[in-house]
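Take a look at the structure set out below.
As written, the chains take the letters A, B, C and D, and residue 1 is the first residue of each chain.
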Amino acid sequence: MNPVNYLYLAALLFTIGAVGVLIRRNAIVVFMCVELMLNACNLAFVTFSRMHGNLDGQVIAFFTMVVAAAEVVVGLAIIVSVFRARHSASVDDASLMKL
Amino acid sequence: MSANLAAYTTSTGEAFQFWVLGTVAVLGALSTVLMKKAVHSALSLAGTMIVLAVFYLANGAYFLGVVQIVVYTGAIMMLFLFVVMLVGVTAADSLKETIKGQRWLAAACGLGFGILLAAGIGNASLKDFAGLGTANSAHGGNVEGLAALIFTKYVFAFEITGALLITAAVGAMVLTHRERTERARTQRELSEQRVREGKHVPPLPAPGVYARHNAVDIAGLLPDGTPAELTVMQTLRKRGQIRDVSNEALSDLKALEQRSAERLGREEEASR
Amino acid sequence: MSFPLLTVTAAVPAVGAVLTAAVPAARRTGAKWLALLVSLATLVLAGVVWAQFEPGGPRYQLTESHAWIKDFGVRYELGVDGIGVALIGLTALLIPFIVLAGWHDADPLETSSKRWRPTQGFFALILMVEAMVILSFEATDVFLFYILFEAMLIPMYFLIGGFGDRAHSGSDENAAAQRSYAAVKFLLYNLVGGLIMLAAVIGLYVVAGNFSLTEIAEARANGSLDMATNTERLLFLGFFFAFAVKAPLWPLHTWLPNAMGESTAPVAVLITAVVDKVGTFAMLRFCLGLFPEASKWATPAIVVLALISIVYGALVAVGQRDIKRLVAYASISHFGFIILGIFAMTSQGQSGATLYMVNHGISTAALMLVAGFLISRRGSRLIADYGGVQKVAPVLAGTFLIGGLATLSLPGLAPFVSEFLVLVGAYARYPVAGVIATTGIVLAALYTLVLYQRTMTGPVKEEVRALPDLRARELAVVAPLIAVLIFLGVFPKPLTDVVNPAVQHTMSDVQQKDPQPQIQNVEAAK
Amino acid sequence: MENLIALLIGAPLLGAAVLLLGGRRLDKSGHWLGTLLAAVSFVIGLVLFADMLGKSADDRALHQTLYTWIPVEGFQADMAFQLDQLSMTFVLLITGVGTLIHVYSIGYMEHDERRRRFFGYLNLFVAAMLLLVLADNYLLLYFGWEGVGLASYLLIGFWQHKPSAATAAKKAFIVNRVGDMGLSIAIMIMFTTFGTFTFGPVLAATGEASEGKLTAIGLMLLLAACGKSAQVPLQSWLGDAMEGPTPVSALIHAATMVTAGVYLIVRSADIFNAAPDAQLVVTVVGAVTLLFGAIVGCAKDDIKKALAGSTMSQIGYMILAAGLGPIGYVFAIMHLVTHGFFKAGLFLGAGSVMHGMNDEVDMRRYGGLRKYMPVTFITFGLGYLAIIGFPGLSGFFSKDKIIEAAFAKGGTEGWILGTVTLIGAAITAYYMTRVMLMTFFGEKRWQDDENGRPPHPHESPRSMVIPMVLLAVGSVAAGALFEFSGFVEWLEPVTGFAHGHSPISAAAVTTATIAVMVLGVGLAYVQYGRRPVPVVAPRGSLLTRAARRDLLQDDFNHAVFVTGGTHLTRSLVYVDHSLVDGVVNGTAAAVGGLSGRLRKLQNGYARTYAVSMFGGTAVLIAATLLMRAV
């Protein structure tokens, strides 16, 4: 098997995650889909790392994880406070951006 | 198996593992997107992540594989579950789309995007795999190799990431923490207030209790058989998680009457 | 390093603006005096610049040059030629009078809160505009100039939109809407021009590799920088469009009547007499200096537009019912003369155009400020609301008449010299254009005298019966302006001495020679 | 000596400045100051005249250069003066008559609260007029030219509270501006042709210029002259200008300013000599105006307007003479000077009559005044005799010469012009006799003024009478003086002179002139002396009615220029608002509408935005791939 298949898998997972972001309304699920996309990227990074034979790709993947952790913390906090204020975790309810 | 071949193929074992676990990962991802309940989504995602951790290990990224399990599956996914609990486990999403055309657009975009991505990968010349053998052994192992990079080349990025994490932690606290602006009221004060308002001087009525249910979420029934919402605790009320059993109770009542009527009828018959 | 005189000249009003803005609410009068003092100090500095400038010396003098944005070769590069000196002089001369004339224009209303500080803002903005205008006359770096050209829109926007004429017909809300319309129109027109110019500025950088006016002009002159014909034309059009909006040239003029009509008279003067001059100044310095071939290529079209401006502006002025809009259309006509003079590409035309910029500034200031005094007395801008003012306020009427006569270019007053030079210069190159432009002098007489007749003469209207004559402060504004008008009308030499060498440089930029008279040796024939 | 030239102008200019800026504290003494400074100017003029007489005929011109007025590359206008015999003649006329009219105004304007300002304006006029005739180049002449226009504007509109006066002033200025346009274009052509516009070089170089250019310059100068001198087609302002105080009419609109056009043409003699076509047009304009003014003068009942028509006609004579070339220049100037005397005298007399008649101007309400105002009658009468060309008086000499010169033009033109001048002389006699008879003879037709006061005709105060007497003396004597003291030789070095060869003898012309004069007087006597004059004007013939309306010229102007112009400006204002501005506002509205549509895409749902981002990313990838593929 060619390790390129990992990349196809990463692409597939990423696309699934992106479509999930677009069609789900529950903010928590949307968020999970974002995590899925990040993980897909990590997989690609790791595969590239192996492909090129150096560890920089893994370092980037590591950083991605850290940043994702930070993001999750803040994001979930936002979801919680939005839920407290509006009693809803639906992303469609927060549509104040329209004129 | 020549060295040339090794550069772009893997062992049969890894291939087998990839095809099996890859399928699992895709299924997990799909169910993350498609499950109605957030809890189910979270669990599916956790599964996918574990599969990914295995893939990392298979790709020679031992450190990352472990971190993936510890941080992602262990910490982040659990955080998700906590929040799901806070928000309400049972609150199932309606999967009915409200924005016109959104689902079709999303699907079309996703399909196009995926195809393009795949085309891009296929287009790229990715024949040569260097493998991580030399890189991993340069510093005496994968972890040491990563450490050497993180603390030399990427040290600033690393430090900044640290700052980011702290900021995120503080930010999360600021966002979720609500400062008390006044002294917490004592029980006495609360009761005094209740008397003063005169709405509900006695304690709130208890929920309806039936033998077959864990009944905190079941409203007590008023004499006419309609549920009294007051009897359910506030949190559940706000989440809309009151289980309406009024019809059930009425039908129970009907059944009871019928049964008693039957019995009475039989007794009547017997007495005749 | 020598003393950075040019920077200081521009910095004094800028610092003064900040200080004025910082004056506490209660010290309103103090802010006014501060602004007046700062503007007078700037006038003194401008006088020093004038004195330091040697007409026979190198083209750009008192130069300063510092690296600013190294990656793009942007430099903080200043220098003045005679045209710049003359216009700095004009700006520095007018601002004290504008400040003095607007003494009470921004007093807070009785009803407004005590912490409200419109007065400080008004004068600070005026000084800010002065600083930017002066610096833009000094900038010899295209990018620096562009920044200033655009930045001066901001204080002007607030001056127009925030401090309207209190004399208006209709309700307050209506007036506020009109004012905001005028301010937005001013901003949008000039922004569109400015954005197109930005594209041209970037294009110029791509072609030339730096922004320095002197370097580019030199490179163009000695042939080391060769522009394709079409590139040069496009860049020229980009620059010219922005300047034509600001100048304003027909048909890009319609923002001016609104802006001048709705703003207070001192701000109207600021617009037409000071800020708009940046447009015509830039045509001379940048359009002709950087793109001589394209300038020559575009000249016929521009001359036609300038002629339309002259005749059209004057005719529409005749039909106006609002005093300030009338003056605005008259200004459009006059800007047509300036542009005609610039693009006639003769010494007389360009000297005349430069003189015209200065003289038009002073004469419009005189006319508009007196008109402002009149309007503030009666509370109406409509010509029909006046009549017989001459009887009740003879000094006001007299100064108004002199301002009007200056506008119609009566010999003996400064504008005549410039207008005649422009006409002669235009005629020498394009006889038909010269003749058509001459009809402007008849139309100028028409709108000025009709205005004077309807407002000042005839039976005294009931509403104007109690109008007071000019007060000491107002006389202090008008009298010096009139004195300057008369002085420059009979003795324009101080001005021409400074301007002539600069015009010769511009003429050599565009490689044009004056058309020679048909009979060469007139003196010999005698 | 030449340094005095600037003083000549400086004295009245100083007067104007002091009087106009001085404020009310000069109200009491201002008129004396103004008069004094005009007189100072006259005295300086006399000194210079005496000096000039002492020099040889070819060396009389003085030059004074003060400084360079407009120095621009290739263009130099000097603040420089030239005093030659022609200018000298004008200087004496302007300062002399000017001073007399200053004196007259002291009495005439006594009750006007703005008398100080009136004198300021008068001084301003004198200064500007002197600048006009003393300038040594055309641009400086233009300065003076517009200066007198301004003074004229201010003085016509002196009683600004009267709308008619304000309108008349504006009209005068604007019509004059049309003429000024001609002068500026003439200067432009001169500049491009000769490279200068100083009199000396330009006039010396006319031989080298093409005739076409010279004709163009000549016609443009003529346009200027038409404006200032009220010649057809720019004559319409002069009648209305009579709204000004009478001394103004006398000084500016009879004696001096309106003759500036004649000065301009005579000054540019060399140009016209080399451009016969332009000359022909000049004579035609002169001839037409001559008849036009005379006809209008016959029909007017307003004494000042009748005199204004006469002025127009007399200047027509001068212009005609100036158009004849060297045979006419001298006589044009001669008639100009004599006309200055008698017309000023006539106007002052008219002012005196009005003064005594409660400012009534309608001659039909005069009558029989000779007993009540004997001095006015005598001085007016002498002026009358002078203007109709009574033998021996000034008008006789000057007009006779012009008629003679007109015949001497030769050919058909000569006959036509000569005939026109003769007809003009007849009509002049007719309308002046009419004025004379209606005013001083016949029965009293006095009417109360609007306040119900009956008029009390009385002789005017001495300050008014003395100038009238002096001017009457001038009207009587000037002609003979010029005729016998060598006026022709005096001016010849400047204007050139040629004897014309008249097809008919001088004696015959003189006889004819006297004959038509008698004819005109007789006709008027039959109409106005023998029959009583109706107080209300009869309807009159078509020609009379047209003449009363200035031969419909005003109606034509109104219909074409005023109405047409109003429509033009109104439609342009509309165009400016709807079309020019409309395009811009339309663009704005279109952008607004489009963004209104686009706004609907912004539904506020984050997911919609996410889709577009996602789609955009896909497009970007596709673009990248395509670029690589290509």
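As a working rule, contacts are C-beta pairs under 8 Å (C-beta built on N, C-alpha and C of every residue); 3 or more make two chains touch, one makes a residue touch a chain.
Here the structure is a predicted model, which is why all the values come from computation and not from measurement.
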Chain hops separating chain D from chain B, counting only touching neighbours: 1
Whole-Å gap separating chain A and chain B, where each centre is the average of the chain's CA atoms: 14
CA centroid of chain A to CA centroid of chain D, Å: 93
Centre distance in Å when chain A and chain C are each reduced to the mean of their C-alpha atoms: 59
Between chain C and chain D, centroid-to-centroid distance (C-alpha), Å: 36
Contacts with two or more other chains, residues of chain A listed in rising order: 18, 22-23, 25, 92
Interface hub residues of chain B, defined as touching at least two other chains: 99, 102, 105-106, 109-110, 113, 117
Residue list for chain C, restricted to those that touch at least two other chains: none
Interchain contacts (touch definition) - all pairs: A-B, A-D, B-D, C-D
Touching residues on chain D, where the partner in the complex is chain B: 603, 605, 607-608, 611, 614-615, 617-618, 621-622, 624-625, 628
Residues on chain D engaged by chain A in the complex (per definition of touch): 599, 602-607, 609-611, 614
Chain D-touching residues of chain A, taken from the complex the two chains share: 18, 21-23, 25, 91-92, 94-99
Contacting residues of chain C [partner chain D, same complex]: 188-189, 250-251, 253-254, 312, 315-316, 318-320, 347-348, 351-352, 388, 390-391, 398, 405, 410-412, 416-417, 420-421, 423-424, 427-428, 431, 434-435, 438-439, 441-442, 445-446, 449-450, 452-453, 456-460, 490-493, 496-497, 500, 503-504, 514-520, 522-523, 525-526
Complex interface listing, chain B residues touching chain D: 99, 102, 105-106, 109-110, 112-113, 116-117, 119-120, 123
